[in-house]
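Chain nomenclature is as follows: A, B, C and D, assigned in order of appearance, with residue numbering initiated at 1 for each chain independently.
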Amino acid sequence: MLKDIQSQTDNRGISLNRVGIKNIDWPLKVYDRAKEFQNTVATISLSVALKHNVKGTHMSRFIEVLNNIDILNPHVILNILETIQTKLDADSSFFECSFPYFIWKKSPVSKHTSPLKIEATIMSEKRQGKNEIIIGVVVPVQTLCPCSKAISSFGAHNQRANVKILVKTKRKIWFEHLAEIAEKSASSPVYSLLKREDEKYVTEAAYNAPKFVEDVARDTALLLEKEEGLTWYKVEVESFESIHNHEAFAWVEKKL
Amino acid sequence: MLKDIQSQTDNRGISLNRVGIKNIDWPLKVYDRAKEFQNTVATISLSVALKHNVKGTHMSRFIEVLNNIDILNPHVILNILETIQTKLDADSSFFECSFPYFIWKKSPVSKHTSPLKIEATIMSEKRQGKNEIIIGVVVPVQTLCPCSKAISSFGAHNQRANVKILVKTKRKIWFEHLAEIAEKSASSPVYSLLKREDEKYVTEAAYNAPKFVEDVARDTALLLEKEEGLTWYKVEVESFESIHNHEAFAWVEKKL
Amino acid sequence: MLKDIQSQTDNRGISLNRVGIKNIDWPLKVYDRAKEFQNTVATISLSVALKHNVKGTHMSRFIEVLNNIDILNPHVILNILETIQTKLDADSSFFECSFPYFIWKKSPVSKHTSPLKIEATIMSEKRQGKNEIIIGVVVPVQTLCPCSKAISSFGAHNQRANVKILVKTKRKIWFEHLAEIAEKSASSPVYSLLKREDEKYVTEAAYNAPKFVEDVARDTALLLEKEEGLTWYKVEVESFESIHNHEAFAWVEKKL
Amino acid sequence: MLKDIQSQTDNRGISLNRVGIKNIDWPLKVYDRAKEFQNTVATISLSVALKHNVKGTHMSRFIEVLNNIDILNPHVILNILETIQTKLDADSSFFECSFPYFIWKKSPVSKHTSPLKIEATIMSEKRQGKNEIIIGVVVPVQTLCPCSKAISSFGAHNQRANVKILVKTKRKIWFEHLAEIAEKSASSPVYSLLKREDEKYVTEAAYNAPKFVEDVARDTALLLEKEEGLTWYKVEVESFESIHNHEAFAWVEKKL
């Protein structure tokens, strides 16, 4: 019989907020608004709180509960959290994963379809019998500088930017829907495939909708406030300034 | 006279928590416990809160205030924060920077000196007239698994781990001092230069001091609680498990 | 009719080795030795040589040819290369992609199955009518230092290491097979899921098979030289030294 | 007396191209065209070839030779290479380092000075009595798309791009000089600090100098071919397309 060091009593009197594993990659299915589901590869973190009088956690159990995932959804995640909380005798448990998610978009004029990768995130916590879920996306968009446009005789600097949205929600919300909110709030969406007539369209559309990172953050926030069922959001916009070697950013966070 | 778009009135009614720049690299001097100072290259973020009725921030002013830094210290940072708060008419302001910091360490037996790189962080916020500073380090150490040692007839898996410490402090605290706290709490410090007699020493010392990430987090926390002048700490330990392709981690955060 | 700037004549007299796109993420299927195939997300680069007298390449065509991939295999890749070479009137074309690939491994004693992520790479070039394919893997393993073991009274430092193998091959070769070659050449394989009896086994196995990065590189090379159908290999081993804050590495490259 | 495992005879008959250390950070001084020198933090790799009949290399000696660097220059590097080649009885030796390097630039109209970070690289090899040095820079610039400008009624998409130059040279060549070559070949340089009159200037200048990655690569190559003393160059341009979520790239390599 091998010793169980982790289960020994700890006398240091220090409980730990979280103990677990991270940066483990895992193949998964996730629901997709257009098709039934899509396959992806997620990077996962799974952890529990550790009581002050227990020496350590049995890390292998985090992997065992992951082994049962087929399609990732709130019920599966809640089940994972409840299982590890029981197995590890913990007061709270935490799941976090992020993965590339593809949205099949049509280019604006020629209507060619191609996949655009966004980053999707799901975080879930179970604490004192309550379960809370945060859903998030990081969506690449284009921003065109209103100041540069206003002061220049022609042209305006523009660049790729990321819109990061995190929401707490009481109802189902699609990654695609959050991505659309981000894209509507930017100077223009970006696409994997643009033919020449599309490129003309996108160039002119961005020029006609100049936005600072401040504007994108606020317009995204305004759209989120109109959504039903959200109880909290955070929006962060980061633009890879084409005239600088650094990023501009803006963020806003709000309880609803 | 060029238009000032940023100063226009905004009617969306949404104030932003932070607006600014990030990922700008900057050459700096920082104080060093052993010598007078050391030179480094910092990655900086600087931002302010933006009132609901103002369209945007003048980003170039963040760069202008950085231009005056010589040696980075709390007074310089407070001065930066006050200057941008005034220039940008903001209610709060934020400074964050991280940089490689070198500690010249002697190997344990042969006493050869070599520089060990840690990551250092300084965060500072000015809000409602109050200024708060957070100091941090990320220190590479070695952890040797107590379970692996206890159950195996010989050997024990061990690996590099990072100890991340963040503290709010009312008095001066050296990066070197925080690094020593991290190293004392691990199975062994790591070194850039180890001769054979040093390698023997480090190998045996780690075998004699097995630690889970949970142990390193708790022992670091215990040492921080004995420090005078701290009002808050967060400790996170992350180990690059040599028997897995993922990381184990533990963290604890506490007000004092 | 929109202008075609890219097709204009260029008078600078400079032909370009490669022009194309990179860092585009794409959902894919790849063949799997155990099951029929597995789903993954690849990062792709696609490019062509550009003649001295042509101003530019039509980048959208790289995306169009990707749109037709279902399962990635040498025929599909060759078809992609031939299509873009024709469409873009180029003398040579290049495809490169890398993706997480999962190998379902049994732990050595308890026989629990879990997925281990390796990185897989496929590079292919078509030039002067000839097509050449390079297959590669990056496999996480454990190395235990022979010097540390020999000089220490007990214990030995060990750590995670990556074995990177690239081969040119005339016959089909599975990622799983290359991964096994890497694992046999190391002190021990690594696993996502290890129960206590497995951890004892892995700890002792590594202690009984101490290897420098030099040893792992050589043993991998020896096994590759016994493989039929290879015409070239490169092996690089990199270990995340547990007693240092830097990596040790060794590589060898050979025509066969 | 501790055993010397590394010096044992190896019977596998496989010589290794390179064995050494990498990703070690080190504080350094480097020469600066404007001032005498600047301080930076370099990431270094140092290695030797390993003979077929020797088991391993003494890695600690790589660190010992680094300990003597004050200002990095070709003589210091050659001395490092010769020392490790002798100490480790090797036929060839390799040094590689990269570091942030700051160029103090004046904004085009208001003439405000601010530091722009580029990445600098030095590689050096000693083999069969010959020493070869490669100098390189990665310079951030702006590119504005000629196609987008030509087909759109107003505006043109633009973005940050990196120009990577590597050269073999028989005479001293400043990082600043290579950076100027990259900047002249782009649609516009980028700056850390731009006031409104500068932003107008940069926006209009880029609009007046539209460039594909192909153009930037060729114009950089043309300027390098006019330089005296170069025996080889490689130019790679990568642009972070503002209308896509992927990069466009072009490269050219040539012996002179």
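Note that a residue touches a chain if its C-beta (ideal position, glycine included) is under 8 Å from a C-beta of that chain, and two chains touch if they have at least 3 such contacts.
It should be emphasised that the depicted structure is a prediction, and the values quoted were computed from it without experimental measurement.
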Checklist entry - So which chain is farthest from chain C, going by the mean of the CA atoms in each chain? => result B
Next on the checklist: Using CA atoms for the superposition, what rotation angle relates chain A to chain B, in steps of 5 degrees?
Outcome noted: 180
Item to check | Averaged-CA centre spacing for the pair chain B and chain A, given as whole angstrom | outcome: 25
Checklist entry - CA centre of chain B versus CA centre of chain C: separation in Å? => result 34
Checklist entry - In angstrom, rounded to a whole number, how far apart do the mean CA points of chain B and chain D lie? => result 28
Checklist entry - Where in chain B do residues touch two or more other chains at once? => result 2, 24-25, 117, 147, 151, 192, 194, 196, 200, 245-246
Item to check | Parts of chain D lying in touch with chain C, wherever the complex brings them together | outcome: 2-3, 5-6, 10, 12, 14-25, 45, 47, 50, 55-57, 59, 146-147, 150-151, 212-215, 217-219, 221-222, 238, 245-253
Checklist entry - chain C touches which residues of chain B in the complex? => result 116-117, 140, 142, 144-145, 147-148, 151-160, 188, 190-192, 194, 196, 199-200, 202-204, 206-207, 240-246
Next on the checklist: Quick check on the complex: what are the chain A residues that touch chain C?
Outcome noted: 2, 4, 24-27, 38-41, 60, 63-64, 67, 100, 102, 112-115, 117, 192-197, 200
